[in-house]
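Note that subunit A is present in both complexes that follow, paired respectively with subunit B and with subunit C.
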Partner chain A sequence: MSVKVDVQLDCKGLSCPMPIVRTKKAMDQLEPGQVIEVQATDPGSLADIQSWAKNVGHQYLGTKQEGDLLKHYLRKAGNYVMKERKYPRMIQNEELIQKLNSDKNIYILDVREPAEFAFGHIPGACSIPLVDLENRIAEVPKDRTVYVICRTGTRSDMAAQLLTGHGFENIINVVPGMSVWTGPVEQEN
Partner chain B sequence: MAKLMTVEEMAKKVLHDKLFILDVRNDEEYKKWKIEGKQVESLNIPYFDLIDGVEHLLEKLPRDNRDILVVCAQEGSSRFVAEKLSEAGMDHVYYLQGGMKTWSKFYHSELVAADENLKLFQINRLAKGCLSYMLISEGEALVLDPGRKTDVYVDLAQKEGVVIRHIVDTHVHADHISGGPELAGKTGGTYYLPSSDVQDGTVLFEPLENHPQITMGKVVVEVLAIPTPGHTPGSTSLLVNKKYLLSGDTIFVGGLGRPDLGGKVKEWAQMLYETVFTTIADIPDDIYVLPGHYSTVAEINDQHIVGDYLGDIRQRNEIMRTQNRKAFTETVEASDSSEKPPNFDKIVLINRGLETVTPEKATELEIGPNRCAVHHSTPEPD
Partner chain C sequence: MNRKVTIIASNGNLFDAYKVFNIAAAAGASDDEVAIFFTFDGLNLIHKDLHQHLPVPAGKKHDLERFKKANVPSIPEMLQMIQEMNVKLIACQMSMNVMNVKKEDLVDGVDVGGAATFLDFAENADVSLTF
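Coming up: the complex of A and B.
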């Protein structure tokens, strides 16, 4: 699987503390919400990068192993306060799970970053990151109900407003979103 | 400048002196396994919380004349942190050479007994709490439960001017990879193992049960092999000169060996009961027990030896006096729900000759404490 990321960082051949020191420096340069891929060969980097990300509040997405090479994916924490959701039409996770049980053909639009999507999404969901949505708006069907989802309901709220602004009529925001999703999940391989 | 401390230097401090350890590994690794000593104080702060600076850490560090040793998995992160501490004006700051990886392979020898007929060394792999032994008499040596770093035994034999004739494993170990086969290859000595532990394994060995006595020198040292099943069905203890009981993983200073590592906990717990209340019951109180492990530094005595008189062990450990079969077996069976030695199933396969690994992989598999004892009276510290 190749994952679209904003920045790639090469830490191959480095042993600790350098993979984390370099990752921290690179993260400082990123915008909130951007995703970094850290390539490392030190097996210790796996546990350390997870603990570090948790301690500083970055989102650890996952790690892909290719032989001795470890690719760690992280998303920089946002410094924005949780905004009040403006888009009124919402559905709870549990309701969506029930709908999925009776109808597998529901159209779900996942607006998270590709790396977040890659490490776990609802089977059949379409991936269009929020930042790309305006350019790729033609891919979204106008004649169907569209359930928009992200991690916590904020990006999907913005996506729902954007789509409605473009004349879409059946848009529903799924809350709280994938961070507490208990329904079926698939990963890209 | 932060200074380097070798594992040898650290071992001396851990055994004899005061030391403050700043362990900069992540907290999960620290909780599983750390450096301990009677006068060692340790603090865990992961190195990745110190990348931006160590100022917030300074007030947590001692300002007496104790050395501060920074420790990590391999060395790099401890050096990184130690240098930051030095730059911040801290004195007596060291980092550990090779980190926990090198520490896990360090062995310390202590002379237990010496008279004209017998010299007995206890070789303590401090990081894991694994104990092995060398018995010497009239130019010959027997090595018991050797660890993987066989040079330690070869060097000691050379220093003592003796030839290693016998190499014995009290049982097939689950917590460390035996140095027995390699040491036999290096020295030409005979490698003994209890057959019932090897089963269909392919390791080359002489069945220990065929040798109720192993003589060394001119019959000066009598080694009596006593079957003491329980920790494993083949577990054997060696009684040396009717004075020392080299008990393997059957009896520890702090209790008994756990019977659950073979997946037949109920069956083996019954064997352990029989061993404790028949075989061991016949051994007098003034026999000195030298075990295969310890689980806390409290088990190391003032002579830096792990050992105690059987009578004192019986008195201290309630389980040794729990004659009610049901109460006994229920207590030792409870070990099944406690954390097992790291990678124990794989290590057993290697020791039976059914799997081979590279030295790097072997080091990785052995990282961590031994976890071979039943913990019945005191809960395991976090």
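Coming up: the complex of A and C.
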């Protein structure tokens, strides 16, 4: 599994509390939405980094283990206020799960960051991060219904608006999104 | 999340210092509001000279090597780190009087106060610890 990250942080060989102290410093330099990979060898960092992220409000994506090396992935929280969703055509998670049960060929567009996608997405979903969508718009089929999903429904709302602005007619925003998704999930290996 | 964390440091050996400063650093890195009240031998931890050569408990000298191996920062480094995180350091006035410690003997950035000063801060703390 390859995870696209904005910043890598080397905390190898460091003991508690240094991995989170370093992570905090590095995180302060990031823009909201950016992803950091924290490399650590302290086994305690696995629990610590999750507690830290939860308390500070950042999103813990997951950890990959390679021998003694732990790679923790975190996404910096946004400081934007949750905007009202503007795009009117929505479907609830549960309805999408039902549709998936009867039709495996539904086109799902996941607009989260690659690292979020890598740690769990709907099987068969296509990954185009919101920031890349305009450049890669040709990859989205015009003749099919496109279900757009993100973590909480905000980025997918913006993606839906962007797509309809480019003449797409069958765009549906999936809400709330992957944060509370109970349907099938696969990880990249 | 901004919890309020208060710590009383009343002992002055190297291990005491790590217990205090590690928790303070972790809390500081979590954007918590942290204050440490240094009293009695705990004053060693912020004494300009003494904090650089804190005594190791009897029979534990061999642990120093392990600290190095585990890449644990030195106490002066830890102290500098938590000061950069704006951890509030309060030296106990009464202890200073008793032990004949002056404010200029302590590292820069330390507030001096009495028990009431600390209680004022600790009144609505989410976490209170004593070492």
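Convention: the second predicted complex is superposed on the first by the 189 of 189 C-alpha atoms of A that agree within 3 Å, B and C clash if a C-alpha of one lies under 4 Å from a C-alpha of the other, contacts with A are read in each partner's own complex, and residues count from 1 in each chain.
Heads up, the rule we're going with is that a residue touches a chain if its C-beta (ideal position, glycine included) is under 8 Å from a C-beta of that chain, and two chains touch if they have at least 3 such contacts.
Fair warning: this is a prediction, and the values are worked out from it, not measured in the lab.
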Three-chain arrangement built on subunit A, subunit B and subunit C clash or fit: clash
First (subunit B), second (subunit C), both or neither touched by A:V21: both
Which of subunit B and subunit C A:G57 touches, first, second, both or neither: second
First, second, both or neither for A:A47, with subunit B first and subunit C second: first
First, second, both or neither for A:G13, with subunit B first and subunit C second: second
Listed stretches 57-65, 111-119, 273-281 or 309-317 of subunit B, narrowed to the one that overlaps subunit C: 57-65
Subunit A residues contacted in one complex by subunit B, in the other by subunit C: 15-18, 20-21, 24, 48, 52, 55
Subunit C-touching residues of subunit A, taken from the complex the two chains share: 13-18, 20-21, 23-24, 48, 52, 55-57
Subunit A-facing residues of subunit C, complex: 1, 3, 22, 25-26, 28-31, 70-73, 81
Subunit B partner contacts - residues on subunit A that touch it in the complex: 15-18, 20-21, 24, 44, 47-48, 51-52, 55
Residues of subunit B that touch subunit A when the two form their complex: 26-29, 46-49, 51, 72-74, 76-77, 80-81
